[in-house]
Amino acid sequence: MGFLTLQSLSKVFGDFTAVRDVDLSVAQGEFVSLLGPSGCGKTTTLQMIAGLVEPTKGTITLDGRDITREKPSRRGLGIVFQSYALFPHMTVAENVAFGLEMRKVARPERDRRVSEMLGLVHLASFAERYPRQLSGGQRQRVAIARALVIQPPVLLLDEPLSNLDAKLREEMQFELRRIQRSVGTTTIMVTHDQAEALSISDRVVVMEQGRMTQIDAPYRLYERPATAFISSFVGKMNRIEAVWRGGRAEAAGLGLPSEAASLPDGASIGVAVRPEKILLGAAGQGLFDGTVTSRFFLGSYWLFNVETPVGNVVVSLPNQGAEPVAEGALVSLGWPPESASIVAAAAGAAA
Amino acid sequence: MHKNGPIALLFHSLVVAFVLAPLVVVCLVAFTPENTLSIPTTSFSLRWFAAIFQHPDFVPSFYNSLWLATLAATISVALAVPAALAIDRYRFPGRDWLNGLFLSPLIIPHLVLGVALLRLFALIGATGSFAWLVASHVIIVTPYVMRLVMAAFTGMDRSAEQAAETLGASHWTVFRRITAPMILPGITGGWLLAFINSFDELTMSIFVTSPQTVTLPVRMYMYATESIDPMMAAVSALMIALTAGAMLVLDRAFGLDKILVGQK
Amino acid sequence: MKSRALTPWLLVSPATLLFLGLVILPLILTVILSFHVYDHTTGIQDSFTVEHYVRVVTDDYYLAIFWRTLRLAFLTTLICAVIGAPEAYVLSRMGDPWRSIFLLVIIGPLLVSVVVRAFGWSMLLGSTGLVNQSLRALGFDSVRLLYTETAIVIALVHVMLPFMVIPVWTALQKLDPAVEAAALTLGASRFTALRRIVLPQVSLGMLSGSLIVFGLSASAFAIPGLLGGRRLKMAATVVYDEYMSELNWPLGAAIAIIVLVANLAIMLGYNRLVETRARRALG
């Protein structure tokens, strides 16, 4: 049994099932992300844990205690809302102190814990400001401080970084992880941003249409996506439609190296290869040749679209300083067998 | 990038002149030393302002209106805040119908309301009662309060309430510490707008006031239909000054355009 | 669960009771009153008749008043639209702080008692008023303005103008200023951009403004009372006369009900129109 467990948790709104039979066990101190596109049920799941939405079915237990029907005010969880939900008429310090006040913590103790928490989020000098006088990143840290100061057993984050601009978002990712490490609070974060989920979580839970489809460590999720949806949602992925013949994948008469599989002859499959796993070489040196139709410079790496007999293939190459092959150039493509996984064929693909 | 041309500005000046003309004239005439309605040219006098306070009818009517507007606005807020809360937060049968009912005084001419209330008061023997006059003013000012309070409710971030709840606050604490302070601007704006509308109301009041409960606008109307002397201008100038003061307060506190034009 | 279903009812019940008692009930009583027989010596009788309605729609005196009410309300609406919509547009193109200042100047008078404004106009338009003084100073003959329909329309326009400016202003605020600029970059002239891009977007605002102005003008009381004199009656002033001087309450009630029904019919017709337009815009 984990510290926080969800057992066949479901939520039905009218005739729409938002969350279906979700089972999850989170260990103490763990940072887990719920990842998925909007409408996949991740926020509803979070709200059920918080007590803001009543589950239709299933149970939630926290440290062995059933909290499924408990009022949100009694659960004692720390929640950071997407809009931050700061109290606009209270100062930063009053916002952070609110939860302690509700717990009837004595004044001196309250002041001490508030200033300690504001120190942790680097906002000590902003204690007397009002939320409207703060930047987006500062508001976000107030929201985190307010949620953490009550020393919650679990911290819930609802798209905490989505209202920040790109650069700030990256900084706050690490900041969030630093704060979470230093207090050691079990944390569940909802996000639709795969980069965010991969970079700061211990484990990532992918949700599709109300179901959990994969729970794994970030690198495993990236390397071994369980479904076609995950492989396209997490990172970029090339997908080559092929047929299994004689113990290997074949497309356009070419044999494609891949991990081993036991499939019947003639089965329609897809071969999935990450763009950065493909090796670009001089024409004739690889598995097959192709023509570079376009290339994009993305700072730390280059991205190429290569037209090949098996279709368009995306290849990425780290930026080594020199200019790589130009558009229109003939190149060869190749990859080691362990870099390509066999996935189910796309719907409608004929054998 | 957007500039008004000379024709547009000329048009605008004419409109502004048209809007201000009667108000400016009233204020100038109020200071005349003459016995007739004339714009003072050589000297200014406060004699007509002094005359108001010696007039046996205007002072009681002023206090009457002041009390009436204060009570009507306050009662209206007390009724509209819970009603707006229910309509904004709950789905219940008859909700749309009730919303329409509370806003209906905006589309029912005050003339019709006055006539209808006169009939009711005559039947129940309440003609001339100050309490019933207050009640009828509550009716006509409630739509204004409702609109502003509703806008405050829909405009507020509901997750702040949820946040307070998850931090351990009870329902009542959430309302007292979070919801009420957040909708306070809407409530105050609604109260002031209700006060001004009640203080200025003529068409309905003229039917439901009695000689003992005559309000200031009714008194002024009666006075203006019978005799026209500069004292009327002095009263009007005072009313304009009062309104301008209230407007300034409203504008400083909430932005008058927001209150009169509605949420952007 | 049961107490929660009861909560909204508890919250709305005080206001609902007051509105049922002081809006719905009096209106029903007034409808009933308008069918009561009235006798000049003995007053309101307990028998019922439709003669008040018949009289109001057949008697030339009342027909002339209704016709004047409609005519002046329509004229007021037209002038308000012609002045108010361009003024709102000019305002929306001003920079701060002028925009907020002039918006206050234009809509602020809304808060000044209508009696004060009517009185102001009676001073301006009187035989010795500022308008006639200026005319005489310029060598023209003085004109009779006070106690004419012109005076009523001028003062009504003054009172109603904010009700036209506000909805058009609101519509203009929702309009992305880049849209007009986009039309200009696509080769439209200033006038074409105004006509093809801005006008269609604010027409709904103008329409709702027109309705408010028409409704309020048609039931206006203080303006015709103070600027129309004893002779020029409009619907509201004639109701007042029936109640206060003639004491024929049933007849006054009948006219009031006609005013109410006309008002509601216009508002409901408007709602229907807005709905069909909204459906077309979405579909």
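Order of writing sets the chain letters: A, B and C. Residues in each chain are counted from 1.
Simple rule for what comes next: a residue touches a chain if its C-beta (ideal position, glycine included) is under 8 Å from a C-beta of that chain, and two chains touch if they have at least 3 such contacts.
All values derive from a computational prediction rather than experimental measurement.
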item	value
Innermost chain, taking as reference the mean of every protein Cα atom displayed	B
Longest centre-to-centre distance from subunit A, chain (CA-based)	C
Centroid spacing, where centroids are CA-atom means, of subunit A and subunit C in whole angstrom	58
Length of the line joining the C-alpha centres of subunit B and subunit C, rounded to whole Å	17
Touch list for subunit A against partner subunit B, complex	50-52, 71-79, 81-83, 85-89, 98-99, 102-103, 146, 150
Contact set on subunit B toward subunit A in their complex	157, 159-160, 162-170, 173, 177-178, 181-182, 184
Residue numbers on subunit C that touch subunit B, as the complex places them	5, 7-12, 14-16, 18-20, 22-27, 29-30, 33, 83, 86-87, 90-91, 93-94, 100, 102-124, 126, 128, 130, 155, 158, 161-162, 166, 169-170, 173, 177, 181, 215-216, 218-219, 221-222, 225-226, 235-236, 239-240, 243, 249, 252-253, 256-257, 259-260, 263-264, 267
Contact set on subunit B toward subunit C in their complex	1-4, 8-9, 11-12, 15-16, 18-23, 25-26, 29, 36-39, 78-80, 82-83, 85-87, 89-90, 92, 95, 98, 101-102, 104-105, 107-113, 115-120, 123, 135-136, 138-139, 142, 196, 199-200, 202-203, 206-207, 217, 220-221, 224-225, 228, 232-233, 236, 239-240, 243-244, 246-247, 251, 255-257, 260-262, 264
